[in-house]
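In the two assemblies presented below, chain A is common to both, partnered first by chain B and then by chain C.
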Partner chain A sequence: MNLDDELRAALRREDPAPDFTQRVLAGRVVARAKATHQSNRPIFRMAWAAAVAALLIIGLTATYEVRQMKAERAGRDAVLALRIAADKLNSAREKVVRLEN
Partner chain B sequence: MFTQGIAGAIPKMRSGETSGAMTDDPERFEELVREHQAMVFSMACRYLRNRALAEEIAQDVFLQLYRKLPSLESSEHVLHWLRWVTAHRLIDHSRQEKRRPQSPLEDAGEPVAADSTGNADPLLSEMLRDLVASLPENARVVMILRYQEDLDPMDIARALDMPIATVKSHLQRSLALLREQLSRTKGVGL
Partner chain C sequence: MRRILLVPFIAVCAAAQLPAQQLRITGLDGLASKAKESADITLDSNLLQMAGGFLAGAGKDSKDGKDAETLKQLLAGLKAITVKSFKFGETGQYRMEDLEPIRAQLRTPGWSKIISSQSKEETSEIYMRTDQGKVAGFAIIAAEPKELTVVAIEGTINLNDLSKLKALGVPSIPVPDKKGKKE
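Moving on, here comes the complex of A and B:
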């Protein structure tokens, strides 16, 4: 045999391990899942941002409502206190008027 | 020229080939893997002399093929693309390997394969595989395409986007080197 033939024989094609095809196909599935995961990332990020924004709005609204309720209650308490004070003053004035007469 | 990027550098179909983009249908992909795995793996195995590494690189090449499949136009285009990508992957790999220190285990060659042809001398074949694997990167890949894939110099030049004169020069120099090494080490005159 000449060198060309010897080289053809030495460098002839050889099959990989029997499970090679299955490993490639499994790798394809993993690569596909990764690609899907990566392509879904913007959606996940947007959903996350929307959820954070919604929570923020709910929190601020609740805080505002609580403060509003406290202010209203304080106002009512102040009006009640003024009424009580006015009643006391009125009864004191009536006593003074009675003593003078 | 040989080291230019893969994108856009792979020649399209030759005249007479059927057109129509390949689909990334899993069954079609499996067929393509079965059809071309021996070619891709053997190129890597002859180039690297390491079966495990060759399988790893062949696997990467096929995964790259899966991503690229919709843009390939025919079976011939797929074959051409696989040769191109495998060759460049191997050259890039050996250049990276040169830059990092290797452990002795990584240097270990593959076990001697049983000779199924019956005609070739297994020891001579083993020696030739070792000698081819010791050639410079570009010459090695040219020799593999010439003697494993049985491509003529024109097809090798087209497959590697290399001038035909360079391909012929690599072949002549490699053959001369192999003859010299064989006659020196074993006294074999071919």
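Moving on, here comes the complex of A and C:
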């Protein structure tokens, strides 16, 4: 086979396969979906990061509030406890002084 | 046989060497239901630290800042404080025997009575606990016909500073009441 025959065979007109159109269309749909998904990805990432940040802020604020409430209650209890202790201490001292006199 | 006898002997010796334990206020649980008013406060070192921080912060901007600082200093030396106080509407709501579990603890080595005033109807006692020659705690028992108070303080506290608390104006420290309002 010479060069002319080879070229003729290679450039010979061939009809496409019967499902060629369907395959091209299907490929185009997949490519479009992929492109849409890729273009949405940064938005999803940002939304996800924002949600995580919001949850973190809410969690930290709630923890701080609970701790603050606990400290407030402890402060109030401590003042009351020391006040009772001081009152009874003074009362005992006064009684001793009264008895000595 | 010798080993069997030796183990309890060592245990007894070790127990004798142990420092006096922190006072546990027991035997008064049933009195709260009979009382007109009662206070049951237990604060461990963590809560006391939180309380100190809160009081210092609350008093920082007020005219009582000095009082808050004094309170913080008082709390700084404490490891724990427990107060059980009952006010009754009538006499005879508690018996002196109810205090026996507490008195039994105060009779153990390490505790010593420093102030005692006893009359027919009233008893006031202050005990001090020492550990290796250092003050490690106090206990107060105040029994009146219609009132019973037991205080256990673990840690170091200056009793003179404590007795001055009222004069320092503790009530004016801006501690919110139960409704969240500040005094």
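Assume the second predicted complex is superposed on the first by the 82 of 101 C-alpha atoms of A that agree within 3 Å, B and C clash if a C-alpha of one lies under 4 Å from a C-alpha of the other, contacts with A are read in each partner's own complex, and residues count from 1 in each chain.
Simple rule for what comes next: a contact is a pair of C-beta atoms (placed from the backbone, for glycine too) under 8 Å apart; a residue touches a chain by one contact, two chains touch by 3 or more.
Given the structure is predicted, the values throughout are model-derived calculations rather than measurements.
Novice: Touch test for A:Glu14: chain B only (first), chain C only (second), both, or neither?
Specialist: After superposing on A, A:Glu14 lies in contact with chain B but is clear of chain C.
Novice: Is A:Thr63 in contact with chain B, with chain C, with both, or with neither (first, second, both, neither)?
Specialist: Neither partner.
Novice: Have a look at where A:Thr36 lands relative to chain B and chain C in the superposition and call it first, second, both or neither.
Specialist: It touches nothing on chain B or chain C.
Novice: Quick one: in the complex, what on chain B touches chain A?
Specialist: 26, 29-30, 33-34, 37-39, 41-42, 45-46, 51, 54-55, 58-59, 62-63, 66-67, 113, 115, 117, 119-121, 124-126, 128-129, 132, 143-144, 146-148, 150, 175, 178-179, 182, 190
Novice: Within the complex, which stretch of chain A touches chain B?
Specialist: Where chain A meets chain B, its residues are 1-17, 20-21, 23-25, 27-28, 31.
Novice: Under the touch definition given earlier, write down the residues of chain C that touch chain A in their complex.
Specialist: Listed in rising order, the residues of chain C that touch chain A are 39, 41, 43, 47-48, 50-55, 58, 71, 74-75, 81-83, 85, 115-117, 119, 122, 124-126, 140, 142, 149, 151, 153, 159, 162-166, 170-171, 173, 175-177.
Novice: Within their complex, state which residues of chain A touch chain C.
Specialist: The touching residues are 67-68, 70-72, 74-93, 95-96, 99.
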